[in-house]
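For reference, the structures are reproduced in the following blocks.
The same chain A turns up in both complexes below, where it pairs with chain B and then with chain C.
Entry: the complex of A and B
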């Protein structure tokens, strides 16, 4: 019995070292995502969506004789694992481009790896400024992203809260262990106070906290008209809204794209009635209705914005591959990178995309202002950047 | 190849941290749930020494380790003085680690929760290998020294050790100090490898992973934790082919391991040249037996 087990285990480990051998004309795309643990909702729908799209392209003949191959690795939301997965994709599997990771903490070290291996990486929802640009303002040449950046989201939300909603006093409850959360709070505060508003209380918590009543009671004693809760995951805001309702706070919440998950509406739809959030995309936009319906019927789960962003990244790579074929008659990582850097008004899954060559952020990506009404998302306004 | 080197480097960093914890937990019998904090202290301080004070890389990593050691005294002196042991000590270290992480999350000078990017990438496989070998040599010497034996005596029976004249307070403190230095060095190497430090890297998950590799490798053994701390990092990497079943298999390995070898991979055994010889000769014997059995079968 023992012997059998040990032989099985050794065999299992050996299979691992033998994977990834092939010689066909392939366009290899890596996907570095979160498939296990509490944040698996981020990666699971995205993985299915990508696989489906890759299959579709392959059925239609691939790209100029190249078949697409998607290689997915799970980072289980750990930075170390995401870095190791990126190394494996970029240096062992030698992909032409990589999609992911989804969060800033992992994306920053991976920007370095992308530079070293000279393979383009498209982070999906890693929104901190430092993902694509270093401290001195130099762009990482191989790092891109599909989402808008934190300062922009904080700015848009503050603008809407002050001008359109007429709020003057806002409290904030921030996940102080998440770069994303801290960043948005900072930029929101800057712009909100610049406009003449006041942030009357700044409370914090740490990732995976379950209990927010202490912070909420403190906020309750101030005269805040709304609470800004820039949480990286829907779980936090769901718990906060429920506990706030239990305390009879009767305030509305201001949120961010980290909230966006159908699960939030199931968990705390009524408690969040009237709350406002910003997001790059929303699953209730009419152009996705058809896609959503087919996807849900086929796979039994709803696609989410993370799937949309991943599809955007895939379309960017496909565009880059086509351009690379035109320019060099072959698909190379370098060719894909160059094309993505200079892309202008290219139609992707969610919208048209123009890349800013000096920051590698999408140019003028509009922010949607969404209201939660009757336990559903409702788009109120499209916030277009002025510059 | 580059990828295997990555596994080697990150595995080596794990080994260094695990050797430190082996001295504290394996030899002295003090369970810690917060050693990731010492990695954080070592990582941040060595990066700051390098970037702000221009201390050379290797020296910065070593000094970072010693700063982590000094920080460990802040938790060590009060807890050992009040004779906290077992679960109580573990909980104290856990709280301490959370406090360190909170401070780092809030400390704007080192970037707070947004982390500290821009650390030059200086850790390579030779540096990590060098540190691992030297530190393994030192740890091995320590465990065979009088101090090391004092540690074991405390683990086995604190009162008896005290009766025999072992200074329990001092020995425990030394053990904690050394383990913190090791973890600090590991943290420093990690920062210079990722070229980015963020408090989320040093969460409680890392502390418990370290503790798991000690229990897994075998108490009172150095080579056991060395092997397991490497394996615990490398196995999930190799299991990527299993896709979503990866962590299930990984968990299964834990269970199977604990059922068949509750004393850990190597139990109380130490690696020595004698062991090697014994293993080889036992293999030889087995083959001989099988060989002769097969011969008989043919006849």
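Entry: the complex of A and C
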């Protein structure tokens, strides 16, 4: 019996090895995302969207004889797991390019791994400046992103709050464990004070906190007209708004792209009535209506901006792969990287994109100013950076 | 002064939910001398049970809450049967039971996450009213949660101290082996203990879901309850309640007056200080006298 088992095992192993030796050409794309853990909503829709798009491309014949293969690993919303997933994708699976991670904390250590393995990584919603450039401003050659950067987001929000809304006194409630959150608070404060406004209270909390009444009660004692909550996840602002309402605070909130999830409107739409946020994309933009409808009908969950950005990243890789084929007659990680670095006006899922070669940030990515009204997103204004 | 009282009220309301969980920890520890790390998952089961009972099964709210609590009780007893009893019978070290508990915890949470998705669900609003007394504001639901928690704890006390079954459980807490020899069915004690702790975590989960949101990781808070039960004296029921209220109040006061950034530092420092001077916790009289 034991003998039979060992023969079977060896046979299985052989089959596994041989199947790996097939001559089929593959374009391997890694996806480093959050499928479990507190922020699993971020990766769940994106994974489905990517799989669907990959299948679509393959059905249409792949790219120049290459079949796309998506390899997804779960980072469990933990930096250590995200780094481990990146190492596995870049060093063992030897993908041609990797999509993700979605947050700054994980993207910064991964930039180094990307450099060492010389494989392009496209962070999706990691918006801190330090994701693509080091402290001296030198660009990490293999690290890219699809979203705009925090200084611009903080700047646009402060500008809108002071000039358009006429706010003068604002309090902030920041996730002190997230570089993203701390960064935006700083950029907002800098520009808001430069304009003449005042940040009257600066409160903090830590990731996965669920209780905010102590900080809110403290802010309630000040004369703040609005509370800036630059949270990386909609969960925090949903709870904050609900607890603020339970304390009868009656303030509005200023927010960031981390808020953007349809679930937020279901959770705390009425409590956030009149609140303002910045975002690179908004799911209420008419161009996504058809996609959203089909996606929700088919999968029972709503697509979100994380899915949009992941699709953008995939289109960037597809573009890079095509360019690599043109230039070298084969798809290589280096070829994809070079093409992405120099892309100009390339149509992606959400919009056209031009990459800035010296920063690896999308060029002139506009920031939308969005209002939450009747439990829905309403675009108020588009901020175009001065080029 | 208003701010102080406001923070105090918030602290008590947070502490009351900690108390349910801390008592659950204390109960299991007092009898079986191991920490039931699966509490986290039981809370989540309670919250999800209540949520889907209302939204999918369309049960009226009180019935849905009852369903969720009983369901959590069953899950708790099931975990005891599958993950702990086999170890207990084979006299495995206590530490192994804790590891087994962690395994059960992760399995349940991951099943829920994969099955239902990681997003937030809004609990159907029961009441959004806010009670305001002299400038101090508190949600009606918080008041209800605190009152209900304390009623649950009083009922538990009556059960343990005024019924024959309670006497049996206390005897087991004193010495599991001897009480077994004296004719107490330890397997039955286990079922009752885990049933009760399931009910407690179910109630806590339901209230947590109502107060915050329903999602697979809402049970992260159980670590705080664990600290509360250690501060109170692991295994002591009154200690668990006092420890929980203390911790809830301390957390809100530190967040309100010093900085929320310092909150966890204070909480864990308190734990270390208490253990340095009172290794059995505030109420842990001696290891023999637990309930």
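The rule is short, and it goes like this: the second predicted complex is superposed on the first by the 364 of 387 C-alpha atoms of A that agree within 3 Å, B and C clash if a C-alpha of one lies under 4 Å from a C-alpha of the other, contacts with A are read in each partner's own complex, and residues count from 1 in each chain.
Going forward, a contact is a pair of C-beta atoms (placed from the backbone, for glycine too) under 8 Å apart; a residue touches a chain by one contact, two chains touch by 3 or more.
This is a predicted model, so every value here is computed, not measured.
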{"item": "Superposition on chain A - do chain B and chain C clash or fit", "value": "clash"}
{"item": "Partner chain in contact with A:206 - chain B first, chain C second, else both or neither", "value": "both"}
{"item": "Contacts of A:73 with chain B and chain C, given as first, second, both or neither", "value": "first"}
{"item": "Partner chain(s) touched by A:312 [first = chain B, second = chain C, both, neither]", "value": "neither"}
{"item": "First (chain B), second (chain C), both or neither touched by A:128", "value": "first"}
{"item": "Touching partner for A:38 - first (chain B), second (chain C), both, neither", "value": "second"}
{"item": "Chain B versus chain C as contact partner of A:301, first or second or both or neither", "value": "second"}
{"item": "Which of chain B and chain C A:247 touches, first, second, both or neither", "value": "second"}
{"item": "Touching partner for A:323 - first (chain B), second (chain C), both, neither", "value": "neither"}
{"item": "First (chain B), second (chain C), both or neither touched by A:236", "value": "neither"}
{"item": "When the two complexes are fitted on chain A, the stretch of chain B hitting chain C, from 37-45, 55-63, 91-99 or 109-117", "value": "91-99"}
{"item": "Shared contact residues on chain A - chain B and chain C", "value": "35-36, 176, 206"}
{"item": "Of chain A, residues touching chain B in the complex", "value": "2, 5, 9, 12-13, 15-17, 19, 35-36, 72-74, 76, 78-81, 83-85, 87-88, 91-92, 104-105, 108-109, 112, 117, 128, 130, 134-135, 175-179, 181-183, 206-207"}
{"item": "List of chain A residues in touch with chain C within their complex", "value": "35-41, 44, 176, 203-206, 208-211, 213-215, 217-218, 221, 234-235, 238-239, 242, 245-248, 261, 263, 266-268, 301"}
{"item": "Chain A partner contacts - residues on chain C that touch it in the complex", "value": "3, 6-7, 10, 14, 110, 113-114, 117-120, 122, 128, 130, 132, 137-139, 141-142, 208, 212-213, 215-218, 220-221, 251-256, 259-261, 263-264"}
{"item": "Chain B to chain A touching residues, read off their complex", "value": "1-4, 6-7, 10, 101-102, 105-106, 112-115, 117-118, 121, 194-196, 198-201, 205, 235-244, 246-247, 249, 253, 256, 260"}
